[in-house]
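The first chain written gets the first letter, and so on, giving A, B, C and D; residue counts start at 1 in each chain.
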């Protein structure tokens, strides 16, 4: 293991990418060696993202330039739009470099589904990726070379469900997801304009959001997932509603959560109902539990910062695990 | 019927009250004769609510002064905090004046429940009130002397459910409610400060919100209702999830809605998913329907402006019906 | 004068255009006969702007179709991007129809400047337009056939300055302008995305904003104008700082404003400092005055709704004047 | 100097106090030993401010308890409302502990003014405080025992003016200040409610804001300062307008700034107009310069995070200087 991990970032100008840069420039065990752009090749990264002015001094390079120097790199982070990392990984896989992909292309273990949703073509590569939900696959991640970091909603949902698997008799699971607008990225869509979204609220993609397949893969549960766009910059609240065949004491369910997460550094089970503001800027997932006995419905409220635990923070948590570091280093 | 309805408003400085003033000063068949305050007696109403400067010229009076002149008044609107209209109505009921109460005290027909939730003591008075959901009780409202205007969430929920009663085989109903912050009123609570709520999101009162009892009263359905506070000023989106025993074609369900609301001036059934911004400032309820066949779940998305259709607009709609006017006059 | 004014709208899908439709569909003396689009020809207007669903039933037409039926139209409103109304007006001017242009092309009386800023080529047409600041040019507007409705910032600034002309000995005028984001329109610019602008604040175009030339034209004052983008949907506050050669009593200055606007229906001089929320949704301009004697600086705070008094509201006010109606009809 | 600085915080539940805790718990050379509360004595700090749950484990203590153990403390941070640190400092000054006061009580060197604005009574104590604007008083701060950390607006203003003193012939200085709502603190004022402030904008305190006296003290300039409340959580933009007796080249002025701040770690002079979003979450002040030659007006746009460089960040910067640490440690 090198004294400092030499990293390259492909696609660092989106919201998740910028968050990743923010974390890595303060991480005591990491150097950012290269930033790979596309339309930005040759430009100063800090001039594109001026909040990094005087904090980082790198020009955006082409992917080819990265490959030329790839032997000097320990780890590549990929934060490009869904469906675009396939080709990059194919080339990178010819070299010994490690990879953490923040996109969806290599998250699902079902090649047909991965192909349908993300145009993932290479089943051989797919098998080499570990699904990087740290609270689920910690040991596998430590041994892995390639990690597919989970989706933001998928992270919030799974952390709300994992402690319950095999413990409660569930009839159905419905998740009302609520995300800040940065979750939709930086694309120039009219509905993402301030004037269209600031005092607005809507559901979208109500039967087909891709993140639910991650949940179904790891939990085996059939999930109704209905995402909503909320007029705030960051943050996710997943309100998870579990119809039960019988009721359980609220305390019993809490104890399942407490046990499951007792040694996890980034999951907090709270008495108070979870609030987005308590996790903004941190890598925490806050979980709170309520039982509606009249309706035999267990409610779990799961909050994360979509750009931290939902993207860049979890990616760095994965990196820490892959390189034998303390899991929480650089994440406080 | 008088050429113009002489109205008095008790409690016009809250958000619903101000909205009511906005509507009534432009209503061609209404005069605002009196505004009754509490801590504001003697003050110029427009100096308290300066957006009405040069639009209305009335001083806030005491309730006693109103009673002294009550014979000159045709209709009293009451917009005081829950639990406070009981005493006012008792006194007013000794006079022939009509009443529309925007609070909850007289909405529920079960005295025990009304007493528990709103300290409503007088079962005799309770029976004289018609529940003012215009799309449900139109004929009764036309004949009524006293109307209890529905709660904001309750309006959005019931309009999403009424067309389905007796038509679909439902297993359970869960409503994830989302409201702008004006729904919580003007009280000086820390969690309502801009700095606490602007980039925040949370559920609240997840098993005991009072509005669900209105829904249960009129629909006979047992409903799980989980409200959430959304960082926007106005607007409600109720995401209504109905677990079915069997699935139905989306088109069939839409036809139930189209039929039920075919002659209603303020309900729109839309192809596109409902959005809060389309109803803000109007008295419309926008409804959209989706069927999740995999999960046998019908989804109805119901949007209203919580201060218009959810409060002041519906109150005026009730007034129009009670006084034999066109239902939509003054509401466009 | 026809019993109802037959109007056509060119460009009604932008924010000012939608506001204009909102006002006109409730205006008792107006019919909207035609809506002219560009990329939207043949589409149902309400399907593009769904908040108008069931309120208006018109398909977008081409400009050519409008011209074919132009004899049935009394008045054309133009709300197209700056620099694009030149050609439209040239064609329309061959017909007897009246015109109100909400864009900048015909606001300035200096052809060179108009050409430079707005590519206005036809000095003959330019001369036929009256500058539609109602509080300045009321009599001219009443007689006019063509009106150029003022810019939003320009309206707020001029209303703050007009009462002072010739009355105070001014040394310099500086205006710090603050506008909500709808002022920048609906264009797909990255800086207008919610995620970029919601918790942001910046100055822009600090020496060259076009609206200052309108102020200089009507007041003869050389003005420093520095606009800022504020994270809110609507509203303008212009903080007008006038360096004086000597100080005057605050009361004297207020009396100048009171006198100047004593009969104006849409200007309010307020004791309290002006606030955007008091004018949102209305056609009012709120003005408040403070004297900083230590610095010989008079401060005037001028608030408008940029889409109402700053655009569509003032355009309708102009229409009312041009057609001999009460100035405030349809605007309350 | 101890290996770690033992700190106590008096008043850590306000916005500046919470920001201070955020910084200090990640500062490698600091331990938070005690948190002193008032109405919160005995409560778990993390239960009051739940975002710190699992990050800090301290109960709020009384001031008396602090004094009992004061010998174990190296430094006390005071973040209490203006006018309240007088009494605390008087007691603390009987012990050898160092003090950084984030409030205004000890900022001004004029006792009469300090007494009038902040009820500061003790001129002897006042003289012992160094005004903690790091870019102005660095050497003094290094030697100091007591530091009064500057006001947020005052910081943004002075950093925009310091490089110009003695270099340009100024006629007058006017500052249009714009601050996010956290600047007004956590008090339960109606105008700070989300529903009152979210889509609003107003000036306040337009002739008497206390921060201008700090500017006048250090620069000798008479300043007009007009603050405005902006609907965003954090951030300040001061638009500084300097009327000059003659114009200068923009490049010359920029060189004055570049020279003045060449070795400063937390001031950036930017080509692009300063934007609040570039400094949010950081300790930077971003400055940009424009010359309006037509009006002989120099414009400096100065952005800070009001809770970081404007409060807690600068306080820690002061601490670093006082304890001989690198100025930027813990602040990246």
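In the analysis below, a residue touches a chain if its C-beta (ideal position, glycine included) is under 8 Å from a C-beta of that chain, and two chains touch if they have at least 3 such contacts.
Since we're looking at a predicted model, the values are computed, not measured.
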{"item": "Subunit B to subunit D, fewest steps along touching chains", "value": "1"}
{"item": "Required steps from subunit B to subunit C (each step between touching chains, minimum)", "value": "1"}
{"item": "Centre distance in Å when subunit A and subunit C are each reduced to the mean of their C-alpha atoms", "value": "46"}
{"item": "Centre distance in Å when subunit A and subunit D are each reduced to the mean of their C-alpha atoms", "value": "36"}
{"item": "Length of the line joining the C-alpha centres of subunit C and subunit D, rounded to whole Å", "value": "40"}
{"item": "Multi-chain contact sites of subunit C, meaning residues that touch two or more partners", "value": "196, 198-199, 231-233, 275, 277, 280"}
{"item": "Sites on subunit B touched by subunit A in the complex", "value": "172, 174, 176, 178, 180, 196, 198-204, 206-207, 222, 224, 226, 228, 230-235, 237, 239, 241, 243, 273-277, 280, 290, 292, 294-295, 297, 299, 301, 303"}
{"item": "Residues of subunit A touching subunit C in the complex", "value": "15, 181-182, 184, 186, 188-190, 192-199, 231-233"}
{"item": "Subunit B - residues contacting subunit C, complex", "value": "25-26, 50-51, 53-55, 199, 268, 270, 272, 275, 277-282, 284, 332"}
